[in-house]
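First up is the structure itself, then whatever we jot down about it.
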Amino acid sequence: GNGGDEPAPSTGGEETPAATKDVLIVGQGADAVSLDPHATNDQPSSRVSKQIYETLVNQNESMELQPGLAESWEQVDDLTFEFKLKQGVKFHNGEDFTAEDVKFTLLRALDSAQIGHIVGSINGDAIEVVDDYTIRIATSEPFAPLLSHLAHTATGMLNQTAVEEFGEDYGQNPVGTGPYKFDKWMSGDSIELVRFDEFHGDAPAIERVIFRNIPENTNRTIELETGGIDIAYDIAPTDVERVESNSDLVLQRSPNLATSYIGFNAAKAPYDDVRVRQAINYALDMESIVNAVYKGVGSPAKGVLGPNVWASNQDLEGYGYDVEKAKELLAEAGLADGFSTTIWTNDNQQRMDIAEIVQNQLKAVNINAEVQVVEWGSYLDGTAAGEHDMFILGWVTVTGDPDYGLYPLFHSSQHGAAGNRTFYSNARVDELLDIGRKSVDPDVREEAYMEVQQIIRDEAPWIFTWAGEDLAGVRSNVKGFQQHPAGHHKIFTVYFE
Amino acid sequence: MTTDSKKVDIQKENVAENAKKRSQWLEVWRRLRQNKSAMVGLGIIIVLILSALLADIVAPFGIDDQNLMNALQTPNSNHWFGTDNFGRDIFSRVVHGSRISLQVGFIAVGIAMITGGILGAIAGYYGGKLDNFIMRMMDILLAIPSILLAISIVAALGPGLSNVMIAVGISSIPSYSRIVRASVLTLKDQEFVEAARAVGANDVRIIGRHIIPNSMAPIIVQATLGVAGAILSAAGLSFIGLGIQPPTPEWGAMLSSGRQFIRDYPHMTAFPGLAIMITIFGLNLLGDGLRDALDPRLKN
Amino acid sequence: MSMLLEVKDLNIHYISHEGTVKAVNDMTFEIAKGETLGIVGETGAGKTTTALGIMQLIQTPPGKIVSGEIIYDGEDLLKKSQSELRKIRGNKISMIFQDPMTSLNPVLTVGEQIAEVIKLHQNVNNAQAMVKAEEMLETVGIPGARSKDFPHQFSGGMKQRVVIAIALACNPELLIADEPTTALDVTIQAQVITLMNRLKKEFNTSMIMITHDLGIVAEVCDKVAIMYAGNVVEYTNKYNLFTSPKHPYTVGLFNSIPNIEEDETRLKPIKGLMPDPTNLPSGCAFHPRCPKAMPICSKQIPQRTEVSEGHFVNCFLYENVDNKDQAGE
Amino acid sequence: MHKYILRRLLMLIPVILGVTFIIFTMMYFTPGDPARIMLGEAAAEADVIRLRAELGLDDPFLVQFGRYVKNAVVHQDIGRSYTTNRPVLELIMTRFPSTLKLAALGIMVAVIIGIPTGIISATKQYSLFDNVAMVVALLGVSMPNFWQGLMMILVFSVYLGWLPSSGFNTPAHMVLPALTIGTSTAAIITRMTRSSMLEVIRQDYIRTARAKGQVESKVINRHALKNALIPIITVIGLQFGYLLGGAVLTESIFAVPGVGRLMVDSIRSRDFPVVQGGVLFIAVTFSFVNLIVDILYAFVDPRIRSQYK
Amino acid sequence: MAEKLIEVKNLKKYFNTKKGLLHAVDDVNFYINKGETLGLVGESGCGKSTTGRVLLRLLEATAGEVLFEGNDILKLNSAGMRDMRKQMQIVFQDPFASLNPRLSLSEIIAEPLIVNKVYNNKADMNKKVKELMDTVGLAQRLINTYPHELDGGRRQRIGIARALALNPKFIVQDEPVSALDVSIQAQILNLMADLQDEFGLTYLFISHDLSVVKHVSSRIAVMYLGKIVEMSDYNSMFKDPLHPYTQALLSAIPVPSLEVHKEKIILEGDVPSPINPPEGCRFYGRCRHRQDICLNQSPELREIEPERFVACHFARNLK
């Protein structure tokens, strides 16, 4: 192979090898959309923003809450939290970080169509700047998961001056308080960040970070192998073995907060009949489907929530593969002769693969399913409008809190576009989800969520498919890299050996 | 005395002697038959058409016979081209794929040829403002790269075999209209057209009996090459995930789903790729041969 | 008299998978210095092929000079190397093609095209060649200033003059003109023929004038070879040809032309058609159309017979008269 | 000549308008709500409605189209991307250099390979060289670009490890994409050169040149090539124009951040302003390339030159 | 006096071209008597074919009248024209371009019969086709051959048969033999003469070859740049040409004979462009006898002797 093709550092450093290597190149599958956290909510953007912005609260790699820009906080009443902010924090443009910035940021976030829902529980009128480094944030209703929401990258703290200065172009001129500041962006190709020397915390070891956009999975791995990049995100299942067996590379695996499911449009016959939904659950050999498609990456899903979401019920009993049982149930539902249906998927390779196998396996119970690969836009429109039958989709419980992973998906107020694309309604589920959302008592919440998960398993609006896992390939001289379950991994802890 | 520089084609007496009906097309066929590479091309196309027609007999397995246990076998005596990630027999899928590809190719070209041909014939024959208008429309279509046009059309209509055919068809309308127009333009001033007019033939007869049959040559050549182009475009669309629905064994789609395995199981991409290549190769050979056979000027 | 060019038993064939065209068969003729030979024949008779054969510009394949000798200035051109031939072409022997519209390169100025041949054969630099080219243009009656124009800016007659200028630029000893006026109108043809006659005299050039027009022969040629289907059927001086044509084909040719000087009511055409060049009749190629055909004509190829001094005919009508004459030749 | 160019530029206006209209209409009727795509699967309906209104997507077709044309003509503003909120023109211009480089390199490769091969093939028609070259060229035309790209990655990046497989920053990165584009284009150019040369070589003026005693190499280079050039230029121009927007597949295989990929991504994310702007931009550049080709004709062929006067 | 079949009055045909208005036929007057042949000669591009085409309304005239037996055919509506087409036909110069290569010989000859619905019975029609083939000397065995299999002479016979199919009175012969070799040309010329005798046809015979024109015509019109410069019977024309152009034209023909030694009149220059032609005499630029008046005033075609027309200010004074 050749080692000489990494882009030359744009700052003229000395030519001595390895020891002074101070550029880290990260390959990911898509270009960021915008570095204005309020303008987008996509993973590639968050992965970059994470290095530029900081949030009030952090979640560590075990999803535990930790101080971020807020040194400490306390709950003042059912609705209100008071945060003490860290002092001496500077924005990349040199301004000090104060409570006013927090207020500005949160109000702006509330206004955002893209991420408004993440801070939607906050009552904008009730944000109170106590002093420069103290702020009170109140929600309109009791909202238990507020802190985990404030750990979401979308709530990274912005600088008012910078936002106003760049106006519409802020997304290409981000200013945060994080360890790296934005340097340049070659659209479609790469984004370069450079170390922020006045960073308030531990200075990163690496001077410059480049996020390169390499859409093809295979190419990304090849680039990693040939040394073109140092870290490759989202190693494809097919490349796992290859990376693992390469002594120059280390494969990091960690379960994440993503899950895949096959949903039924429960508002539509025959899926309004729980027996049909269950029958199809029995008719599919989910275990082997997942193995065939994901090749051992992640795991067959045991429930709605992934294992590292708080209050996830991992003890639900699976349906198992039982064609006879499926036929029985169908017969009971009056569909012994089967029926014709469609399976929608977008053009995600794994989902298409799943669809193809599912289609194939359903033949055994006389269900004639047609796979329809629908473009993302039409897919969202169509599933929101309830035009679909069966569909394959995923969900990421980014906050790590079950509220985020259940409420939008199963609450009957969330039908359609808001997230509940199965159009599933169950009064008990609604009630439990409301309890979970409002209660401050973790035990009460946990109990409610456990029950919800059981009901959903039994009533089967979903076929649980896959619990996600993040795979990152890292060159062996890269140290200090650890994946975050939410996907936006910290780069500023990384160093070269 | 001055003669026109055109050589008087001296005919073979013996040909005229046995006065069997020997149309221009037979003549073309005779010339084509002498062209070895065109015959190779024709052979390839015939094999393809046969395999498309007889796919169910030729293919040892069905297109969707999954066997997850048998996934990703390299070529062996049982599975000549190996199996894919679902354990399906790639050879069978490639064979069935010829059906899809030829269908897409022929229908897309049919759409383009008919619409383009009619537009071109009208523009060329009547000329003037109509011509101008039609040709400006074609310029506009031409200014948009055909693959982008096709992608937009598929986006607008939604993916699926028939939409792909429509998209690829529409995006190649301009080339046909141009060719037909050009040949109509040269033909309409030909003396035999004038002769027809002199004996009182009307426009319909002139276009139908004199102009269209004589403009077939370039259209046929373009169509042969166009089928190749259409197959490629459709495969390209499938490759970027805008084409045909699974589990349809479209070659481009097979290639696309194989690319994630390209390093360990290159046979998944190699065979559909080769299938495309051989098909296009055959069509091109045939198209070239037809061009030579139809244009006696290029003879030798 | 010493001959400038002697062509002996030249055979040229075009070989393709459609069959072999025997385009030129046993062609024999000679040209003295300053003399003009006319080669006359209908389409496909092999006139152009003969000319290209002498220039050795037959496209190979499909063409092939099968046998024969082309003796120019005592040396056989067929034995010369390409580079030797290049020194002769355009310099000692030059050629004018039938169609002035296509004989000139459309993307080069006429000056450049004339200068090119001058530079190739004379030891001059670019500027001198251009000056010489302009002189040549003037010689053929075109203002020298137009040397910077491109061929499409000239009319047909002027283009043919440019072609003549190219051909004569190096003062060749032999000029082969392949139907140089066929594509031109009569009044323009008259201009060009007059010009050629003048220049021929001026430069004392020998010439082969290929034509199908007996009128032109009468005007410019000293000797004539009548060709039919690749064979010379009659070869003689102009006087003999016009006063006592011998070969039935020659006679038929004369009878086919409406005579502008006389009032004939009916032409007496040769019956039938030209034969298929890949499948010539056996024996004398003309016999199926010949009014005087005899049984022998279809069986044997008639030999060249000298019927009177310098008057050769390939026809059995005359062959028996005196066979020995021919042997003595 | 100036007049001619001016006239051609004026003729661009209806084409541009037409392209705008077509693509606008097509996008308008394309299913899939841009607002919803931007907001993703977790968005609240109210947010979607709000965003739709912000983007002006609820206005009737003609209002939207009129606004677009007005902004473009009056303010020279072709809008901002829905998704990234960047000015469309800026977005295109950051992508265009890569596309241009890729197209230019591909064409260069193609010309360097194609024209000499075509010439040799034509001058030695039916020789071994000719036969081999023609089969190879035909294979080149027949090989799907995207497949060839993958195979080249397999060989040059995976097995041999000589060249990087993705990106477009350094010369090394450009080799494979340029070769991918270059081979098929080279094949086309080779075939065109050959047939065009064969046509020209038959002409009388080539015979005239030979009759002058000119050496064969000069007959080919000085007399034949220049005349054969017109169809070759046409093909090069067409290919170049095509590559400016049509190299989508190559761009995505090799992660070249080009306009083609931008277009495809935008079509899929229903980023209408970018699609419209991009197609418009491509159409205009394409027309410019055509204009340049026509001007080149005039340089090559005096007959055409005199027509333009 | 002979009866006029065709009379052309002030006929004009202009073409719009990129470079300007092209005066292909400019104010042309002539007539053709029943049963005679009018020869129309002139150099390439002088407007001969255009005249012929306008006569048959294959091109629409810009101005003027074409009287066929006294009716102005330029004023006929399409139905009237359809009838008229049966009366007048054309044979084209190029035996290759004038036959549709996709049709067989019989189909080509039958075309006029089909188009005009002459027969409603196939057998009759086939009989007629065979008859026509006999008439023009095409062997019956060729009935199903295609044009490309035939030589130029035979193809031209097909063209003639097609023209004869509707029993026309008048045929425009647009250089019917100029693409043929001399031996074939003579055959065709003889054929046409025979047909004229047999059917009492009237010909407009277009050619640039004076020997041929002289051979076939009773009267001759000489055209120069869109205008007729001289028209008279062939005898007077050849013995005593009046217009300086005719004189030059006649002198320029190479004669295949050693006895004739003509003094050639070599014209300077070429035929000027028919686009925006000169005001005065079109021949001014090449004329040996030009005077100032010729530059400004276009000479009319005058009948200076009975049946002898010439368009020259100084005709008869030149010698």
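Read from first to last, the chains carry the letters A, B, C, D and E; within each, the first residue is number 1.
Keep this in mind: contacts are C-beta pairs under 8 Å (C-beta built on N, C-alpha and C of every residue); 3 or more make two chains touch, one makes a residue touch a chain.
The chain list, named the UniProt way, goes like this: B = Peptide/nickel transport system permease protein; C, E = Peptide/nickel transport system ATP-binding protein; D = Nickel import system permease protein NikB.
Owing to the predicted nature of the structure, the values given are computational and were not obtained by experimental measurement.
Undergrad: Name, by label, each chain that touches both members of the pair chain D and chain E.
TA: Output, common partners of chain D and chain E: B, C.
Undergrad: From chain A, count the fewest steps through touching chains until chain E is reached.
TA: Each step joins two touching chains, and the minimum needed here is 2.
Undergrad: Write down the chain pair with more C-beta contact pairs when A-D is set against A-B.
TA: A-D
Undergrad: Among all chains, whose Cα centre is located farthest from the one for chain E?
TA: A
Undergrad: Which whole number of Å gives the spacing of the CA centres of chain A and chain C?
TA: Each chain reduced to its C-alpha mean, chain A and chain C end up 89 Å apart.
Undergrad: Distance-wise, how many Å sit between the C-alpha centres of chain C and chain E, to the nearest whole number?
TA: 33
Undergrad: Using mean CA coordinates as chain centres, what's the gap between chain B and chain C in Å?
TA: Chain centroid spacing, chain B to chain C, equals 49 Å.
Undergrad: Quick one: chain B and chain D, Cα centre-to-centre, how many Å?
TA: Inter-chain centre distance comes to 22 Å.
Undergrad: Taking each residue of chain B in turn, which ones touch at least two of the other chains?
TA: Correct list: 1-3, 8, 10-11, 155, 158, 259, 262-263.
Undergrad: Check each residue of chain A and list the ones that touch at least two other chains.
TA: 216, 218, 222, 375, 378
Undergrad: Going by the touch rule set out above, which residues of chain E reach two or more other chains?
TA: Residues 151, 181-182, 184-185, 208-209, 211-212 of chain E each touch two or more of the other chains.
Undergrad: Where on chain D is chain B touching in the complex?
TA: 14-15, 18-19, 22-23, 26-27, 29-32, 138-139, 141-147, 150-151, 153-154, 158, 195, 198, 241-242, 244-246, 248-249, 252, 260, 263-264, 267-268, 275, 279, 282-283, 286-287
Undergrad: List the residues on chain A that touch chain D in their complex, please.
TA: 1-2, 5, 7, 31, 33-34, 36, 39-42, 113-114, 116-117, 120, 168-169, 171-172, 186-190, 212-216, 218-220, 222-223, 226, 228, 375-381, 384, 393, 395, 408, 416-419, 421
Undergrad: What residues of chain B sit close enough to touch chain A in their complex?
TA: Chain B residues touching chain A: 64, 66, 68, 71, 85-86, 155, 158-159, 241-242, 245-247, 257, 259-264.
Undergrad: Across the complex, what residues on chain D touch chain A?
TA: For this pair, the touching residues of chain D are 30-45, 47-48, 50-51, 54, 80, 83-86, 91, 94-95, 98, 153, 157-158, 161-162, 164-170, 172-173, 252-255, 257-258, 261-262, 268-270.
Undergrad: Contact residues on chain C for chain E in the complex?
TA: Against chain E, chain C makes touches at 42-43, 155-158, 185-191, 193-194, 212-219, 238-239, 242-243, 252-261, 264, 266-271, 273-274.
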